[in-house]
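Presented sequentially are two complexes of subunit A, the first with subunit B as partner and the second with subunit C.
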Partner chain A sequence: MAPDRRTFLKGLGALGAAALVPGCATSTTSSGGGGGSATGEIALQSNLSAEQAKAAMEKLVEAYNKTGGGTVKLNTVASEIFRTQLPTYLTSANPPDVYTWYAGSVANSYAEKDLLLDVTSVWDSMGNYPKSMQTLSTSAAGAKIFVPTSYYWWGMFYRKSNFAKWGVTPPKTWAEFVQVCEKIQAQGIPPIGIGLGDTPWVASAWFDYLNIRINGAPFHRDLLAGKGDFTDPKVKAVFTKWREVLPYFDPKGKSFPFQEATSALLGGKTGMFLIGTFFADSAPKDALDDIDFFQFPIIDPKVPVAEEAPTDGYFASKKAKDPEAVKKFLTYLATPEAQELYVQNSSGTAIPANPDGKAADTPLVAKGKAMVNSAAELTQFFNRDSSDALQPTADAALTKFLDKPDQIDQILEDWQAAASKVFQA
Partner chain B sequence: MTASAIEVKTRAGSAKRRSPRVSPLILAFVFVPFAVEAVWVFWPALQGFWLSLTNWDGLSAPTFVGFGNFGDMVSDPIFRTALKNTAIWLVLFGGLSVAGGFGMALLLQKERRGVGIYRAALFTPVVFSLVVTALIWRVFYQPDGLVDSVLRGVGLGDLVRPWLADPDTALYAVIVPALWRQIGYVMVLYLAGLKAVDPALYEAARMDGASALQRTRYVTIPQLKGVNSVVLSVIVIDSLRSFDIVWSMTKGGPYHSSELLSTYMYSTAFQSTQLGYASAIAVVIFLLALAVILGYLIRAFREET
Partner chain C sequence: MSNRLKTGGYHLAMGLVSFLWVAPILWVVVISFRSFDDVAANGLGSLPHSFTFSTYVQAWQDADEFRALVNSLLVTIPAVLLSLGLASIAAYGLARYNIPFRRTVLLLMLMGNLLPPQILLIPISRFVELIGYYDTLIALIAVHVGFGLGFYTFVLHGFMRDLPKEIQEAATIDGAGPGKIFASVILPLTRPALAALGALSFTWIFNDLLWSITVIRSGDKMPVTPALLGLQGLFVSSWNVIAAGTVIAAVPTVAVFLKFQKHFVGGLAIGAVK
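And now, the complex of A and B:
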């Protein structure tokens, strides 16, 4: 594809905007990027830029365009650019109509600014969705602003053959978990893999899980919404628990990203890895048959069990040029057929949000689905339950804790100071 | 923002030398770029100054807070770390690349057999984008990578550490590849400067019995004054805008230990979406660059007249 003059000018615009913070920030009235067409065509802005996911999206859009219900134009943007530009898209004068995004607090924050289309009528066709999905898709003002289409789960992944070799079985409780760590450690293998170089947010999974296991999901959500305090003794209890297993973490995990931590796990260089199913995207297919996972160990049996099940889906701009056509498209996306089409063509570990949609037919996915369905509460992951703005404060605090657990009091004070700045902004 | 300030200066300088009658072509050459610049550079820069006086999340309307953002900086420990690291960066990266570049230029200025190969080898890193450089060096630094194996090979295995993940080494581990690239660049600037020195001066000095060291001290260095001001501007600007290499190697981490003002500005703007505060940091970067460069240029001009 030869770059024509328009893409060249667009590139210039992007350069000009990226050159300066203010330049970027004040360009809100221009460069919607993908919007603009007033021919009844819906512009779909997608951050699913990974190869498989992108191909799956293309198939999905093609299938919808064939139904004759309308025309959708897919515009795929690299996910990091999408994330930083989303506020600009939504506040521009001529925004794209529909966006891929995440359910929960990260969607609600845009609803609070009155930037999202009310899609309550789309939910009329979604009566079979579980209550948890409804809650996730409802704004603080009570309107439905989100259409969930798939979710995935987090768990402690391991290689079945290695666990057999080391003579350990998946633990259920914290005490059993510590024993498993000891046994693996005794074989000279770092029991817990992690990948914080470049992807420090992976550490948040540990914080999330320990917090929802010890203090419960409601406390966790309130804390992340700014209604709590990170210097709370209940938060410190999370780190006290975490310290019990710190000696079992792979010391090399600080240096490489989660993709390499995945390789370390598959290569038998670490024992287990707390990660979301997306790790499978970068794993060879033959190794996947040997992969299993167990639920994050139960710490306090009195706390209702919650699981991290980040939910993906779509929302639409309030300024959508043809709201009815947009709602029609969203209604299609909510159907089991559309979700199956996407799940089958992407990496295969995502589960359709529609309970009637069939997930990939593997024991691993069946087990994941069962775990999520049996959970009393669902959380979304640190940044999705709070905001992308709060995530860096967690990254700094948690990586520092892993390095210098003695300084926990100071770390929590700094975290609270950084977090309150984000909440005030 | 810093680069544009320099451009403005040079442009203003050249505009002085105009004849009373100006042809429309020259006017077009001046005002068309000026108009483009005004839209792409001056206007956003002015907006940046305005935004630095506000609180803005990028979504709602900015609220005016006066100099509140600048007040916050004083009590912001991350800002202090970033400022300190930027100073370290300026001194180490700037100082060593000038020393290294000048040294290499002196070594490689004489036309000998094969000298081109050495020059090319030193200049090659400049050709790579800094992101590529960062990728290469990350492979060197990775656990059990080249750096670790070499250290173990020479019996210094005790020194092995997670170079980019250790707060004590991360900043320096990033400066090394930045220098690796910058030395070649500065060398080329000095080589060009050395070529312009009149050989008769050296001959005269030699006749007067000046040693090699004296020739360098009293002939070469004074003759390079013009190049020095260019090198200084380049170094200061490059130091203060150093971003790509740090961002692609450590993202300012672990826990802000390798944060520079530029990376901190980016992360406050686009991760924490505190665009007002980020603009205030950008203003500080601008003022720093201006102060360093203006200070030097004023002195240089004074000596010339």
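And now, the complex of A and C:
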């Protein structure tokens, strides 16, 4: 009853204000809906609000508008706002046409609600894209709903000068990795950096990697899609392995976010750090030349090697006013030229999704690209392979595990209970 | 002697307490003058190793803070005037005339304020869309007026009720109607309360984030709070630039507060004494 009254009151307020303050209307009536109706203007809603990424998007849109193929209006909103408002955008009566977002199950979940435009025809021009990208961009119903434009990679990052100083070399196998940890520990430095305060999801990278190294990518994907069980002994094996290196984690890592963990790594206060390439944006520029990474160590050589390569790109609303114009724009975004333009102007660690697109010309990016290309399987990241709803259950379970590793059975049971609630919702 | 000691101790203790209150703000100001490389290399908590004004330039340009501030004022000023205007009319009627069920009406208005606004986010976003005002500043003004009305009416009602009956009677004898009494007698007497509420509502509306992101979608219509949020990257944020932007965004509210400070402190006691 009460909400009804409020809504009613709000309605009165809205009508009253509309009638009483026509003076304000002049400043707000231009392109009210967020998309031109019949003008052929496409509204692009972007979450790339960081300084460089935003500038790169502006350049990209400007370049497209110059081709004469159509007009795109870029609207950048803060990533945090975008994340929470995306369902509202998509379900509104007059939604923006094109959105920046992630490939895989997160895109598919919107496709299942029939909110996304079928862009299969755009893919006609994308024959050179690898199979893995195609799979990621296809909905459960078999339609292409996503256009990937760039990806990045995760790795164990370290400072070359520090590794030289400590006399260690990048390990390849788990046993070598443990040795490296011991050596760094002996110098009085916590070997493995992590930053879980405010950014608890960083711990999921460890879970992802241990799981795809021990149990393989298909098992990992099924588990995250709700087709497995977190109390499975195979999942427990992941944590048993994790416990072997738990003493080497930076004890301070629970208190600060990954940005501070980056500072710790660069300052030589930790040895190495499992993180995505985006961390480089929070590093002082003079430290970047000294940064290198190694692949997450191989645990079971029989398991096909998989890597985490979160893929970014675009999808479009089913209610797009001019679907042909939208597809034309998406076709442009899929070209190597467009992706190079974006990658060059943004922070530079993203790799174009189009195999013909050239990535930034640094040894680090070349190494990352080679690692991803040589992988037999690709995964995204925990939330992208499952859903934003499942991520908090992982955060809770993993944080608790890091605190009380001996309670693992109970933690996994709790995790399964929380996850099944998410899957049933 | 012991009195002096007492006074000294009091000032010392209070000085420490106020420092605790001011410290976070000082910290933000300090961060706003540090360079990105300094923050990245030494962390947010360390002492500054650099001094720069470029963060302010960057915040002004990247967040388009001028436009955002204009948007904020375009929303805040009409919303404050409108909600206080409507609330004082409502309070006048409820406090000075024997309207049937006036207590119920007042309680109903207050009840609305007890609801957590979060549960109304989706209804409001849908309703605003339905009436065609989604993504306009008008919608935002309307939401703020709607939400403020209950509380402002309640406070003003308490204040107006305590004005002496004789003033109104005298005005009636002089031939003034209800409208005239309101405009020439009651409203001028309510000024301290209005000034206090005005300063309060200005800060509330100016600092609002939730409603702006609920009813506004275009980046160029966002008020200053979401614009500041826009300075945060997907993964990495330049906290020094955000701090600079925050300092800029705080200027209007601080100015309003300084201007109305006297009324504000006086107005805090409004409605407290029956």
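Just so we're on the same page, the second predicted complex is superposed on the first by the 388 of 425 C-alpha atoms of A that agree within 3 Å, B and C clash if a C-alpha of one lies under 4 Å from a C-alpha of the other, contacts with A are read in each partner's own complex, and residues count from 1 in each chain.
Here, a residue touches a chain if its C-beta (ideal position, glycine included) is under 8 Å from a C-beta of that chain, and two chains touch if they have at least 3 such contacts.
In this text, all values refer to a predicted model and were calculated from it rather than measured experimentally.
> Regarding the shared-chain residue A:Ser255, is it in contact with subunit B (first), subunit C (second), both, or neither?
first
> One more residue to check, A:Ala78. First (subunit B), second (subunit C), both or neither?
Touch status of A:Ala78: second partner only.
> If you count the residues of subunit A that each partner touches, which comes out higher, subunit B or subunit C?
The partner that reaches more residues of subunit A in the superposed model: C.
> Applying the document's definition of touch, where does A:Thr311 land relative to subunit B and subunit C: first, second, both, or neither?
In the superposition, A:Thr311 contacts neither subunit B nor subunit C.
> According to the stated criteria, A:Gln391 is in contact with first (subunit B), second (subunit C), both, or neither; which is it?
So A:Gln391 only meets subunit B here.
> Which partner chains sit in contact with A:Thr88 here, subunit B, subunit C, both or neither? Use first/second/both/neither.
A:Thr88 sits against subunit B and subunit C alike.
> Return first, second, both or neither, reflecting whether A:Thr379 touches subunit B, subunit C, both chains, or no partner chain.
neither
> Identify the partner contact of A:Asp198: answer first if only subunit B is touched, second if only subunit C is, both if each is, neither if none is.
Once the two structures are laid over each other on A, A:Asp198 reaches subunit B alone.
> Could you look at A:Val422 and tell me whether it touches subunit B, subunit C, both or neither (first, second, both, neither)?
It touches subunit B, and subunit C stays clear.
> Using the superposition on A, tell me which residues of subunit A are in contact with subunit B and, in the other complex, with subunit C.
16, 20-21, 23-25, 28, 84, 88, 256
> Using the touch definition up top, name the residues of subunit C that touch subunit A in the complex.
Its residues touching subunit A are 36-37, 40-44, 58, 62, 74, 78, 82, 86, 108, 111-112, 115, 119-120, 122-125, 127-129, 131-139, 141-143, 145-146, 149, 213-214, 217-222, 226, 229-238, 241.
> Tell me, which parts of subunit A touch subunit C in their complex?
Residue list for subunit A touching subunit C: 2-3, 5-7, 9-18, 20-21, 23-25, 27-29, 31-34, 45, 47-51, 53-54, 75-81, 84-85, 88-89, 92-94, 96, 256, 258-260, 262-263, 266-267, 276, 278-279, 281-287.
> Report the residues of subunit B in contact with subunit A in the complex, numbered from low to high.
Those residues of subunit B that touch subunit A are 1, 40-41, 44-45, 47-48, 50-51, 55-60, 77-78, 141-143, 162-165, 167, 251, 253-256, 265-267, 269-275, 277-279, 282.
> Taking the touch rule as given, give the residues of subunit A at its contact with subunit B in the complex, in rising order.
Within the complex, subunit A contacts subunit B at residues 16, 19-26, 28, 84, 87-88, 90-91, 110, 113, 115, 196-198, 200, 251-252, 254-256, 388-389, 391-393, 395-397, 399-400, 403, 414, 418, 421-422, 425.
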